[in-house]
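Heads up, there are several structures right after this.
The following pair of complexes shares a single chain, subunit A, combined with subunit B in the former and subunit C in the latter.
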Partner chain A sequence: MHEVRRLLMRIVGRPAGMIGFAIIVLTLFVALAAPLIAPYDPAVIAMAKRFAAPSAEHWLGTDHLGRDNLSRVVFGARLALTIAIPAVLSAFLAGLLLGLVAGYVGGLIDRVLTVIADTFLSFPSVILGLALLTLVGQSVLNTTLVIALSLFPYYLRLARGLTLSIRHQPYVRAERSLGAGRGRIMFVHLLPNILPPLLVVVAMDVPSAIVIEAGLAFLGLGVPPPAPDWGVLLNEGFVNVAISIWPLVGPLTAIVLVTTGFTLLGETFRDVADPRLAGIGRRHGRFLMRRAR
Partner chain B sequence: MAGYLLKRLSGAVVVLFLTALLLAAAVHLVPGDPARAVLGAHATPQLIAQVRLKMGLDKPVLVQLWDFFSGLLRGDLGTDFVGGVPVTTLIGQALPDTLALAFASIILAVAGGLPLGIAVARRPGGILDRLTHGLSMIFVSAPAYVTSLILLLIFAVKLRYLPAMGAGQFSDPVNYLARLILPATALAMFWWGYLPRILRSTMLEVLGTQYIRSARAFGFRETVIFYRYALRNAVLPIVALFGLMVGYSLTGTVFAETIFGRSGLGTLALSAIDQRNWPVIRGVVFTYALFFIIANILADLSYRMLDPRVRLTEEFETGA
Partner chain C sequence: MTKPLLSLRGLDVSYHLDGDVYAALRDIGLAVGPGEIVGVVGESGCGKSTLAAALLRLLPDNAEIEGGEAWLKSRDLLKLGEEDLRRMRGRDIAMIFQDPMQSLNPTFRIGSQMAEAWRSHQDRHARFADFHDQAVKALTSVGIADAAERLASYPHEFSGGMRQRISIATALLLEPAILVADEPTSALDVTLEAQILELLTKLREEHGTAIVYVSHDLGTVARLCDRVVVMYAGRVVEENDAVSLFDTPAHPYTRALVDCIPSRYRRGEALATIPGRVPSLSALPKGCAFAERCAMTRSICREEAPGFVARAGGGVRCHMHDPAKAEFWRVPGRPVTIAVPPVKASIREPEREPLIEARDVRKHFGGASGFIGKLLAGKSKPVRAIDGITLTIRRGEVLGLVGESGSGKTTLGEVMLRLQAATDGEITFAGRKLGQIPEKEFRRRVQMIFQEPHSSLSPRQRVGSILTEPYRIHGIAPKEQRSVDELLAMVGLSADLATKFPHQLSGGQARRIGIARALALKPDFIVADEPTAGLDVSAASAILNLMRDLQQELGLTFLIITHNINLIAYMAHRIAVMYLGQIVEIGPTEAVFDRPAHPYSAGLLSLSSQIDPHDRTRGRLLVPGEIPSPRNPPPGCRFHTRCVHARERCLSEMPILDSAGDDHQVACHLWRHILQEKP
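After this line comes the complex of A and B, so read on.
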C-alpha cells in the first residue's frame, strides 16, 4: 500500500500526471454521482423545447427530442465506464491466463493459441465488432463481449512474451528442481512478475475500449438508442448537424477529455513506474494504434 | 532475412486462412438459426427460407465451407442477396475511394508531422515544444470520428468552406482532391500529434550518442550535425511506422466515410449491415483483414530491415 501511495505521489507530482489523474477522478465521480449531478432526467422528452441553444436552464442546449444535452452526457459517462471497464478486465484476465499457459507450457498449445490471437488481431476492432454485432444483435452485453474479444489477443501476446522472458530465470528453475508443479510455478511465481507491466496496459486500454464502444454505437451497432451512450449522442447529433451543433459539443468534449486524461496518466505512469517497461515503450505505437482500430 | 520472410509469409497465409474460416463459419458459431442471425429478429419466415436457400444454409456445414473456400480461391466472394451483384464487383467499386483516402491521409500525416517534429526537436524545451506537447496529447487521444466531426463542424457547417459531402468522381480530379482534404486531415491529425513526439525522443537519444559528440569535436556546424548526421538515424523509426499508418488509416476511413458521406468500403459495409446483406458484410470484412495483414507484414519487415535493434524486441515478444 505504501508503495502504491509513493507511486501515485510521483505521478501526481508531474503536471501531466496531475491533470490526467484529475480528469479520471472527475470522470469516475461524474459516472458514480450521475443522478445527483445531471440537472434533468436524460430520458425525458420535451418536444416543445427541441434544439434549444444553451441557456441557464440547459447549459448545453437540448437535442432533437428536447432532452437535456448535459444530462445525457453525464449519464453517458456511467454507460461508457460500465462497458469499458468490464470489457478490458475480461480481456485482461482471458489474455493473462492463456498467455501464461502459452508461454510456460509451450509446444502445440502455444502455437495454437498464438495463431488464434493473430487471427483476431488481423481484424481491426471496429470491423470485427461490426461483423459480430450484426450476427449476435446489439446490446450492452454484446458490445462488452465484442470489445473484450478484440482486445484479449494483445494481452495474450504480451503475457506470453513476458512469461517467455522470465521462464528460465534461476528462481524459476530452482523452484522446479524443488519439485513445484506447473500450476504452482505459473500462478505463484510467474504471475506476480508479469502482472505490473500488464496492469499499465489495462489502465491505458480503458480509453481504447471507450473509443471502440462509442465508435460502434456511432455507426449504429453498439449500444442501441435511446440509451445516452456517447456514441449514440454523436450519431444523433451528426444526423441533425445541419439544424443544431449543440448536441455534438458535449459528447465530443467528453470523449476527448476522458481519453486524453487516461493517455496523460498512462504515459506518466509508464515513465515513473517501472524500467522494465522500456521494451514495451518501443512498441508503444502498437498499443496506441489499438485505440483507433 | 529470407528465412524470416518465408516464416512471416507462411504465418500470414495461415492467419488469412483462419480469418476466412472464421468469417465463413461465423453464422454457425452464433447461437440459434443462422438465417435468423443474419436477418435479425424481425424477419418474416418467407424471407428466412429464401435466405437459407440463397446462402446454401440447407446444405451440410462442411459443404458450405468448401463452397466458400473454393469460391475464394477463384476470387469469388459470393453474390449479394439484394441486388444479385457479385460481392467482388461491389468491393472493386468501393475500394479506390477508400484507398485514395487512406493514402491521402498518410501523405498529409507525414507532410505535417515530420517538419513539425524536426522543428520541435531543434529546440527541445522551447516554446514550440511546450506548446505542441499538450496539443499532441489531445491529437493522439482523439479518435478518428471525433476529429472528423470537429472538422465537419468547423469547416463544413460553420464556415461552409470546403465541399464536405461525397467522394466526387475521378474524372474531375480537382474536385476529387478538394473533397479529400477534410477527411484526410481528420485521419492525419493522430499522426500530427504522434510523429513529433516520437521524432523528438529519438532525436534526443541520437544527439546524445558518441558519434555526434565526435562530430562536434571535429567542429562541424550544429545544423550540419543536426540534419546530416542525427536526423537520418532519428527518422528511421518513423519510416518503420508506415505499416501501422496503413492499418490506422484504413480503420479510420470507416468513420471518415460515414461522416463525410463518401463512398467506400466502410459505407458499403454499413449499408450492407442495414440491409442485413451478409455476403457483402463478410466480403468487406475479409478485404479489411487482407489489407490489415499486408500492412502488418510491411510494418514488421520495415522494422527489421531498417532498425536491427527491433529484432531484439521482437524476440522478446515472440520468443523466436
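After this line comes the complex of A and C, so read on.
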C-alpha cells in the first residue's frame, strides 16, 4: 500500500500526471454524484423547450425532446465508466494471465491461445461487437462483455510478447538455477516486469472502450435509448445537427476530456513505474539510458 | 621526438545534462608522432572514449568542446568548419569502433559501404576503377583473401574478426595519417585479438600509420603501444613510454592498475585492489580526484589539485613527484616508494574425493526431431555444442575451463548443473547419478554465478529480497538462514545496500550480490561463468580475491568458465582447454602452462595478455583463422584446419585423450613430436 501511495505521489508530482489524475477524479466524482449534480432528471421530456440554446436554466441547452443536455452528459459518465472500466479490467486480467502462460510455457498451449487471440483480432472491434450483440441481444452487461472480448487479444498478445522478450533474461535463468518453479518465476519475477507496459495500455484503453461503446450505441446496438449514454447522445445529436449543435457539445467534450485524462495518466505512469528511471529523476534516467547504450 | 603529427593541447570537454555539467575531459595534452602508437588507458568513466570521439569531433550533441587545440597537418581540428572537417575525416584521421557488428550497415554490400567513404573525398570525375583498385588493396592488406569478389558480400557473410578487418580496411582506404581505435578488440576472442594487434603493427610498419589506441586492457596496450597515456576522471595522470610506464609506474593509480592484473606469477598472493569508484564528473573533489582511493594520500592531496609534473619521457599528475611537495611523503631513513608489498595468501588444496563427474556427455541442439521434422529438415545437422566430454572435479577443487567463444564452455557448465538436459552421457554428483537426485535437493547444493552482473539480478527486487529469495524458494527455516547482513558481509559489502535495486549498484557490487546469493544455500559446487567479464580491472581483482578467500574458508568447489587465461592461471588448480565441444587438454595449471602439449592450448595460453612491454613477439603463437561452426565440425582432429602441425592422420582420425604426465591429458596425435621440437 505504501508503494502504491508513493507511486501515486510521483505521478501527481508531474504536470501531465496531475492533469490526468484531476480529470479522472473529476469524472469519477461526476459519475458517482450524478443525481446530486445534475440540475434536471435526464429523462424528463419537455417538448415546449426543444432545441433550446444555452441559458441560465439549461447551461448546455436542450435536445430534440427538450431534455437538459448537461444532465444527460453527467448521467452518461456513469454508464461510460460502468461499462468501460470493468470491460478493460476483465480484458486486461484475462489477457495478462493467458499471455503470461502462453509466453512462458509455450508449446501447444501457446499455439492454441495465439490462434484464438488472432481470430478475435482479425475482426475490427466494432464489427465484432455488432455481430456478437446481434446474437446475444442488447444490454449493459452484454456490451461490457463484448468490449472485453474485443480487447483481450491485444493484452494477450502484448503480455505474451513481453514475456517472450524476458523469459531468457539471465535473471530468469538465475531463478531457475536456484530451483524456483514455474509458478514462482511467472508470478513473482516475470509478472512485475511485464506489468508496467500493460498498465499503461490499460490506462490508455479505457477511453478506447468508451469510444467503442459510444460507437456501438451510435450505431444503435449498444445500450438502448433512452439511457443517457454518450454514444446515444452523439447519435441523436448528429441526426438533428442541422437544427442545433448544442446536444453534441456535451458528449464530445466529455469523450475528449476523459480520453485525454486517461492517456496523460497512462503516459506518466509509464515514465514513473520503471524503477530504473524512477527516483533519480527524469534527466538522470535519460543519462543512464544513454550511457547504457 | 620529431615534430608531432597530431598535437593536442589543453582540451576541455564537458557534457551538459539538464543543468548539470560533467567535466569529461580537462586539460588534455597529447602528441602523436608519425608512425607512433599511443595507448590511452584507464577505468570506464575516465574519459577515454570521449577523447577518441573528440579527436574526430564525433561527440554527442550534449557535449561541448570548451577549449584547447588539436593540430593535424597545420590545421586545428577543433576550429574547422563542418565541411572542412568532413574532408579531413577519413582522409587524414579515421576511426575504428569497438563493435564490428554494429559499425557496418547490414543492408549494404561492403563494397558499397567502402565506396561511400571513398566517394565523399573525390571530385565528381572520380573513376570507379580507381576505387576498386584501392579497395582491393586495402582489403588485401588487412588479410582478406579474394578481396575483389568479397566486395559484393554483405556484412553478415563475414565472421566477427573478418568484420573488424573490414572496418579497418575502410578506415585505411584513403591512407589516413592517423587512426583512432576505440577498444577495437574488446568484442573479440583472444585469438582474433592477437590477429588484429598483429595487423595494426603491420600497418604501422608498412604504411607508417600513427595509431591512437584506446583500451582498458593493459596487456594489449603493453604489447602494442610505444607510448601510453593513463587517464583518470577526465585528466591525464601519467604519460610515458610504454616500457618505463609499466616497469616503473609513477602515479599510484597506474601502479594500482598494474598490480590488479591476475597472473600465474601472482598465485598465492592477494591481488591489489582500488577501493571505491571513479568520482562523479559533475562533482569532482577540490584536490586530487584519486585521493579518496589512493594508498599514498597525504593532507595536501585533498586540498590542492596536483599539476602535471614533467619528467623524462612524459610526466605525471601527482604531488608525490613534485619536488616542492616531496616533504609530505618523506619518512626519515626510507626512500619514497609506491609499491605495496604483496599480501600472502594461499590456495587451499582439493581433497581426493570426486564431487562431480561427467562421462561422455553430449549436448546437441536443433537437428531434426520427429517424423515431420525429419521430413522438412532434410539433411539439417544438429549443432554439436558439447561432443563427448569426460571430466572429474574433486571436492574443493577450482577447475578452469578455457576456450574461444563457440567452444561450448557455457553449455558444458549449464549441462553439469542440469540447467540444460544432456543429449547423451551421464553425470554423477557426490556419488549419485544426476537423474536420481531430486530437483530441489540438487538446486540447493549447486549454484551458478552468471556472466552478466546486473541482468542476472531480478530488476524489481531489492538486494535484501534477492539475497533471501533462495530461502523462500526452498522454504528454509529462519534459524538456518544466513541473514542479509551476514551475506553482504561475506562478500565485503555494507549492510545499507540491502534496500537498493540492482540498477543502483556498480558492476562490481552487482557481481558480489550474485556471489552472495549463490552462497546463501551453502552449496557444494559453484559454476562461475566469466566472473570478471564487464568489470574494470580494479573491480575484477577484488572479485578474484573474494572468490579465492571463499574457496579458502569454505572449501568450495568451483568450475570457472572464462576466456581470461590470466584469471585461470591465478586461481585454478587444474585447467581444461575446450575446442569445438571437446576437451583437448586437461591437467594441473602449472604443468599445462609450463608444457602445453596441444598446439591449440599452446597458442591460446601464449596469448594471455601479460603486461610485458619488453619483448613483444617472444613466445607468441598466433592461432590462425577462426573457430569453425559446431554444426559442421571438421573430420578427424577438429583443430586440424587451424593447426600448423597437421598431418595426413589428423585429417581422418580423431585423437583421444592420452596421458601426457601426472594427471595431465592431451588429445593430439602429435603432442610428443611437437613437445620435442620445442627449444
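Keep this in mind: the second predicted complex is superposed on the first by the 238 of 293 C-alpha atoms of A that agree within 3 Å, B and C clash if a C-alpha of one lies under 4 Å from a C-alpha of the other, contacts with A are read in each partner's own complex, and residues count from 1 in each chain.
Quick note on the criterion: a contact is a pair of C-beta atoms (placed from the backbone, for glycine too) under 8 Å apart; a residue touches a chain by one contact, two chains touch by 3 or more.
All values derive from a computational prediction rather than experimental measurement.
By the touch criterion defined above, A:N142 lies against neither subunit B nor subunit C after alignment on the C-alpha atoms of chain A.
Between subunit B and subunit C, B touches the greater number of residues of subunit A. Residue contacts after overlaying the shared chain place A:V126 against subunit B, while subunit C stays out of touching range.
When the two structures are aligned on the shared chain, A:N193 is found in touch with subunit C, with no touch to subunit B. Shared-chain residue A:Y171: touches subunit C; no touch with subunit B. Once chain A of one complex is fitted onto chain A of the other, the partner contacts of A:L248 are limited to subunit B, with no touch recorded for subunit C.
In the superposition on chain A, contact is made by A:A180 with subunit C only, not with subunit B.
282-283, 286, 288 are the residues of subunit A that lie in the contact sets of both subunit B and subunit C, per the superposition on chain A.
Touching subunit B in their complex are the following residues of subunit A: 16, 103, 115-116, 118-119, 121-128, 130-132, 134-137, 157-158, 160-161, 164-165, 207, 211, 214-215, 218-221, 234, 237-238, 241-242, 245, 248, 252, 255-256, 259-260, 262-264, 267, 279, 282-283, 285-286, 288-289, 291-293. Subunit A contributes residues 169-171, 173-181, 184, 189, 192-193, 275-276, 282-284, 286-288, 290 to its touches with subunit C in the complex. Touching subunit A in their complex are the following residues of subunit B: 11, 14-16, 18-19, 22-23, 26-27, 30, 37-38, 40-41, 137-138, 140-146, 149-150, 152-153, 157-158, 190, 194, 198, 241, 244, 247-248, 250-252, 254-255, 258-259, 269-270, 273, 276, 278, 281-282, 285, 288-289, 292-293, 296, 310, 313, 316-319. The touching residues of subunit C, counted against subunit A in their complex, run 17-20, 60, 417, 419, 439-440, 442-444, 447-448, 450-452, 455-460, 469-470, 473-474, 501, 503, 514, 517, 521.
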